[in-house]
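Below: one structure, written as structure tokens.
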Amino acid sequence: MAEVTVLSVKSPGSLRQLAIYLARDKLALCAALFLIVLIACVLVGPLLVGDLAGKLGLRQRNLAPFSLEHGFIYILGADTLGRSILARLIVGAQNTLGIAAAAVFCSMVAGGMLGLIAGYSERWYSHVILRLADVIMSFPSLLLALIVLYTLGPSMMNLVIVLAITRMPIFIRTARAEVLELRERMFVSAARSMGASSGRILFRHIAPLVLPTLVTIAAIDFATVILAESSLSFLGLGIQPPDFTWGAMVANGRGYLASAWWIAFWPGLAILLTTLSLNILASWARTVADPLQRWRLQSLRKAPR
Amino acid sequence: MMLGYIGRRAYHSIISLIGLLTLVFFLTRLTGDPSALYLPLDSSLEAREAFARLNGLDQPIHVQFLQYLQNLLSLDFGQSLRQNRSAIDVALEAFPATLKLAFVAMTLATALAIVVGALAAARPGSLFDRTAGLVSLAGASTPDFWIAIVGILVFAVGLGILPTSGTGTGLHWIMPIAVLMLRPFGLLVQVVRGTMISALASPYIKTAHAKGMMRRKIIFGHALRNSLLPVITVAGDLATGLINGAVVVETIFGWPGIGKLMIDSIIQRDFAVVQSTILVTAVAIFIVNIAIDLLYVTLDPRIRY
Amino acid sequence: MTASDKPILKIDNLTVDFLSEGDPVRAVDDVSFDVCPGETLVILGESGSGKSVSTGTVMGLIDCPPGDIVSGSLIFDGTDLSRLDEEERRELNGRRIAMIFQDPLAYLNPVYTVGRQIAEVFESHRDGDAGPVRDKVVHLLERVGIPEAEKRIDYYPHQFSGGQRQRVMIAMAIALKPDILIADEPTTALDVSVQSQILELLRDLQRETGMALIMITHDLEVAAAMADRIIVMNGGKVVESGPAQDIFTNPGHAYTRRLMSALPHAGSSPKQPRAEIKGEILLQVEHLSKHYILGSGPFSSKREFRAVDDVSFTVRRGETVGIVGESGSGKSSIARMLLRLNDPTSGKALFAGADIFKLEGKALNGFRRRVQMVFQDPFGSMNPRMNVRSIVSEPWVIHRDILPRARWKDRVVELLELVGMKAEHAERHPHQFSGGQRQRIAIARALASEPELIVCDEAVSALDVSIQMQVIALLADLRGSLGLSYVFITHDLPIVREFADRILVMQQGKVVEESETEILFNSPKHHYTKSLLNSVPRPKWA
Amino acid sequence: QNASEINIVLPEQPANLEPCGTIITNVGQILSRNVVEPLTVIDPANGQATPSLATQWTQTDPNTWRLKLREGVKFQDGAAFDAEAVKYSIERMTGGKVTCSNIAKFGAAKLTVTVVDDLTVEIKSDKPQPILPTLLSVVMVVSPNTPADKAVNDPIGTGPFKLASFTPQTVVLESFDGYWGKKPAITKASYVWRPESSIRAAMVETGEADLTPSIAIQDATNPDTDFAYLNSETTAMRIDAGFAPLDDVRIRKALNLAIDWEGLAQLFGDDVQRASQMVVVGINGHDDKLAPWTFDAEQARALIAEAKAAGVPVDTEIELIGRNGIYPNGTEAMEAMMAMWQDVGLNVKLTMLDVNDWLRYLQKPFPEGRGPNLLQMMHDNNKGDAAFTIPIFYTSEGSYSTVREPALDKEIADAMAATGEDRTTRFKAIFNKVHDELALDIPMFHMIGYTRVGTRLDWKPDITTNSEIPLANIGIKN
């Protein structure tokens, strides 16, 4: 998601430049490295430890972490069926990140787009969009999930649709709120006087100023979506066992917080670190994208004195 | 002009409300016949048919809908199948608890987030900024039930300073509110921080400095006021999220609110209650959204509808 | 009034850089000057020569980083300004040192009423003298000549005209009768009569309280009228300084000489009406009116304000119509309506025969290509996220047929150079420029789409005389070679006299007089026109 | 808080307090034998009916039973308990105007009640009802002032406690002074509900509550307060024998043999008992000697190979249908079993459904277009007799049944009509046949419930705790 903002910054040799900016912000660099590791997990994790993630060990249920007795793969302990938590974290990354990224991205893009339109235009459809947002907000996501489940059947696609739709209103309304103010700015008038189409004004002039806020929200929504996904699997719409996500792993450990904290803790930590990294990157991207703030990431060479 | 706007909005909202109820009515019926859920597992097919007949579920759906509309006109919202009483009573009874929780949690979260976010934005990259960011994000991306249960285990069982759950004294409020606040707080801190950084770079902040205003007043008077639009929008969205979704807190801490009621009645296919709860929350959500839209105009004189 | 000779503010060897990736930009280079109580120091200089930055440093308003004060000492009344902590700084700002910013719209907070923003000065420095703040604010607004101050106090900045905002800014600065007032181009948007009123007000204050005044201006007449001493800046350096009369009568430095000779009013060479303006009618405005609905809050009562009241005029191809008039008389409103940015309350405007207000779709798009505007507030009219290159090349993106993409880069540089800027400026963002530089970027952008009509709303008001002349010459040149027409809104009589073929004089929304330039200047009919022509400032030493 | 007042925390909020719904766990645990009393009570030890509001009963003919009622009993609203009241209560149950869960236990039987005298009633059924006294344990007698056409939330019965309040947070019962029996030690009981097992356990630990039923095994960590008890629930997988390859008995046996039962038991705790039949010990018809299947993957593979050789399409995908939240660790169990079956070479795919969806598979009519499937289920028979189990599972008409074996139907019909020792042996024979010979299902475990009882109370849970918590039996230690 962070990439979206970054791409809109057109500067020469922009990729290299971005890398330099990234190196300047140590925290953002860590975040980026963490995400790269995650992406590596997504790509090659299942090949490396795929079998271990599903391997039952009923006699080592709830194995405590930090013991090497059963091999390194059990360093983070074992879950309620005695499966290696580490292996499951690695394998689970794929589904988790896939679903969350797809859902958050769709809701941000669709919601943001609708919000831009609703804020900018005064035609009937902007009312319709807003009332639609009201309706979605009032419509319980669980009910929506059930309905989709019963009418369309369970599938990854449907899951993403449900999650994306339920998260959309916040993007619609936030984008619109910002547009309401931005469209009164002089540079919008200036663009209009030059003959810029509404589309250009929205996407070239207004959207770059709205996007940072949307990305901030999206980054946090990532965690929300991961957890929401696990509650939907309870209905049968989410990822179904033997497939799993971090959200499902957390939910699985729910009953064991008092007796085997590690079952919910590690996947929870993974979700937290992912969200955290995304947020740090989002705020870094925000700085990069804002010409008034960009100096924070530049090497400011002072004159000799 | 404002009254006209409110009137128009109310009118639109009523139309959307009717649309919503119709949608809910037909869509909920897609989620299966509830008869089997209400009878013991070993009850006979005849018993299930008798049940459907008794509750009018055997009628064609459009007949049921007409009946529903007709009853609506006389303010009869149907009977709860589960609870043996009027569905709207059930919904209205559950609503205040949720409303209280949501109100207190949102007020606190927003106030706190504004302060923390603004101070973080005042010195981006400072220690305070980084700590506040990490802590608030950690809170926002940790599963709420995790915090709730661990909180109970620590504060009620371990330290014995708070009651585990339930309602009654002021102490009973502490944990539910804290858990409920985390996500809104985390998200709002990020939003406030982001928009404030931009606002603080505006020229009018220079004017304020030149006037010799106190730093605190500049941050909270000038910069904050200009960044409130997205903040209240997001806060509003989160508030509506709490209105129909404080489920975890309600279940774990035993606050019998509307979120839990909604989930239960959806799972149990208690259609009349589903419809009534949605009606109640939708009205609340619509009102919140209208209030927020009015707030925009008061906050930013340039905005007009 | 006697200027004491102990400087209240003394600046020595000030050097300020702006840092970024690559080499720092030196905005101010080893500048020293001082000012004594009761004295007026005028800073003249080229646009972009570091006037605003060096005075901004005095108030501690340059963000460091990215700004970097390389060296220099700033001594105010015996205290070293660079050593102050936040609270001490705050005590000084607003009460003892005040500033009038160059770009009044951006520097006013859009969401607060002007009354409140002025009142904040009092509230920030709560001193003994009691009395309702509101009355004081109303009084201040009256002093700076805002009509209906009692009501206007509750309006928001965007409901004011450019000149009115500037006066709000001034009111704010003089609220506490500071020891030093730094006025950065305080009268760029004011018509001559209001300008003289403001200048008088400043002089009064100096007489009353012995205020020291540092005034940045590009307007040599104003400079002459106010200055005790003058310093002249160029390229970040002070190139000349001395008593006002000496500089005017006997300029030493080459740049100063160039300045003085560029003075258009010096030799009022009677201009012959140009022959080529007999072209067809390009723009015909008929009975145009604009009424604003005014109200201070969403729930307050509303009233109607006639900003433009039954205005008619025509512009021929190749002709320049100047609009001069009172600040707040509706000039910008007309401009905005002509550009279809605001809807008129009534009236018609025909552009090349088609009613502008009824244009739709393709026709509207074509119109927007043929008509451009330079906004009174150049900073606000540029997207803060775009760099100059994309700002200037935007018309080509919108209207694909103007210029092939391959030529954009060169053309941007060309245009920038035409308005006196440099190629390297293309990669910078609007906030990294001086007021005059932004104005020139706006002009470059207007020229980029190769329009037929340009509406210039105070388009050269922030430029120093030398660059002003360069830009005017450029515009005149285009008029000649391409048949461009201009609606030229300005307060600057010498410039309209030089540039416009015909002049409309506006007052309170109405056109009170319209005639050929020379006729107007030689035999004004309306008493308002007469008063305008008569209030040309006089040199202080005369 | 007064020493004789206790707090009980239940896992679920009772949706209503209709006395006709006491077989629903969270209603029964509050109302049953506290507010309303049944005509008979089942002795948990042997499954036999013992007197409650009915003191004696005799079968006058195969279809008719005559009951003697207890004397000197009053309803909490002052109405007298008599034959009319019993007739009213039964007619209210069977009238069809009130949705009555309890009536399901009677199957399709039609009952007619006649008042013989003040304290005698005669109950006539349209078919022989050998176990009517057992069935009468679900007949809760309510005051004649209870509306007959409307479910209620303010039950009035003859029990030792009367309902004081019912709010979304709590139900409060207070002792009823006019109770006919011994005065209970407890004067007031407040019920609250928390779904989270660990919270309930914590509430008893901190003293906020005195008793909570059904905590999760991992929360039952304190031997002093946590009691394990066989809770009458039996878990199993139903095999849909109507589809290949499940119509082949070798495959069904292989399914039973492929599971590492000991390993799987880990999920349900040390006290869980391996099941070989769908009823627990103490239920009439349970056969102690019927041995459960043991884990033998080799044999399972061999059986599958054999079936394959015989042309059975063993590679067909078999759908394993689970239900979310059916019992603790239910999903894990499904995952584990799926893995084990896959291990022996069966193509099993898991689908977890929500209750309503799952119900379509459980009860007839089954959904169209299903293929070979295994259904996760749990059966609760605490009513003392296998008659509540065998017919619905194994007859052709049985509402859960996927079997069509006329011979078996006949056997079951005979057993149902039999009484006494004969009845028991016949039931045992059926269980044996179903298990060893036909392998119609995959019985898993007899489940264990854990209840945490505060140290203040003197009480032990038993097999009936899932349906009732009689406050009168709870003593206070001091």
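We call the chains A, B, C and D, going by the order they appear; numbering starts again at 1 in every chain.
Heads up, the rule we're going with is that contacts are C-beta pairs under 8 Å (C-beta built on N, C-alpha and C of every residue); 3 or more make two chains touch, one makes a residue touch a chain.
Labels paired with UniProt names: A, B = Peptide/nickel transport system permease protein; C = Peptide/nickel transport system ATP-binding protein.
Just so it is clear, the model here is predicted, and its values are computed rather than measured.
Q: Hey, which pair has more contacts between C-betas, A-D or B-D?
A: More contacting C-beta pairs are found at B-D.
Q: Between chain A and chain D, what is the separation of their C-alpha centroids in Å?
A: Between these chains, centre-to-centre, one finds 45 Å.
Q: Any idea how many Å lie between the Cα centroids of chain B and chain D?
A: Taking the average C-alpha coordinate of chain B and of chain D, the gap between them is 38 Å.
Q: Cα centroid separation between chain C and chain D, in whole Å?
A: One centre to the other, that is 87 Å.
Q: When the C-alpha atoms of chain A and chain B are each averaged to a single point, how far apart are the two points in Å?
A: 21
Q: Please output the residue numbers of chain D that touch at least 2 other chains, ranges allowed.
A: Expected reply: 198, 202, 354, 357.
Q: Which chain C residues touch at least two other chains?
A: 158
Q: When you check chain B against every other chain, which residues touch at least two of them?
A: Chain B, residues with two or more chain partners: 31-32, 145, 149, 153, 300, 302.
Q: Could you list each pair of chains that touch, in label order?
A: Here the touching chain pairs work out to A-B, A-C, A-D, B-C, B-D.
Q: In their complex, what parts of chain B are in touch with chain A?
A: Residue list for chain B touching chain A: 12-13, 15-16, 19-20, 23-24, 27-28, 30-32, 124-125, 130, 133-134, 137-138, 140-146, 149-150, 153, 183, 186-187, 190-191, 193-195, 197-198, 201, 229-230, 232-234, 236-238, 240, 244-245, 262-263, 266, 274, 278, 281-282, 285-286, 289, 292, 296, 300, 302-303, 305.
Q: Which residues, counting only chain A, touch chain B once they are in their complex?
A: Spelled out, the residues of chain A in touch with chain B are 27, 122, 127, 131, 134-135, 137-143, 146-147, 149-151, 169-170, 173-174, 176-178, 180-181, 184, 212-213, 216-217, 219-220, 222-224, 227, 250, 254, 257-258, 261, 264, 268, 271-272, 275-276, 279-280, 283, 286-287, 290, 292-293, 296.
Q: Touching residues of chain C toward chain A in the complex: what are they?
A: Chain C reaches chain A through residues 15, 17, 19-24, 26, 65-66, 68, 70-71, 105, 158, 336, 339-341, 364-365, 367-369, 371-373, 375, 377, 380-385, 387, 390, 394-395, 397-399, 429, 431, 445, 449.
Q: Chain D touches which residues of chain B in the complex?
A: Residue list for chain B touching chain D: 31-32, 34, 36-48, 50-51, 54-55, 81-85, 93-94, 97, 145, 149, 152-153, 156-157, 160, 163-167, 251-252, 254, 256, 264, 267-269.
Q: Which chain A residues qualify as touching chain D in the complex?
A: 54, 56, 58-59, 61-62, 80-81, 146, 149-150, 154, 233-236, 240-242, 252, 255-260
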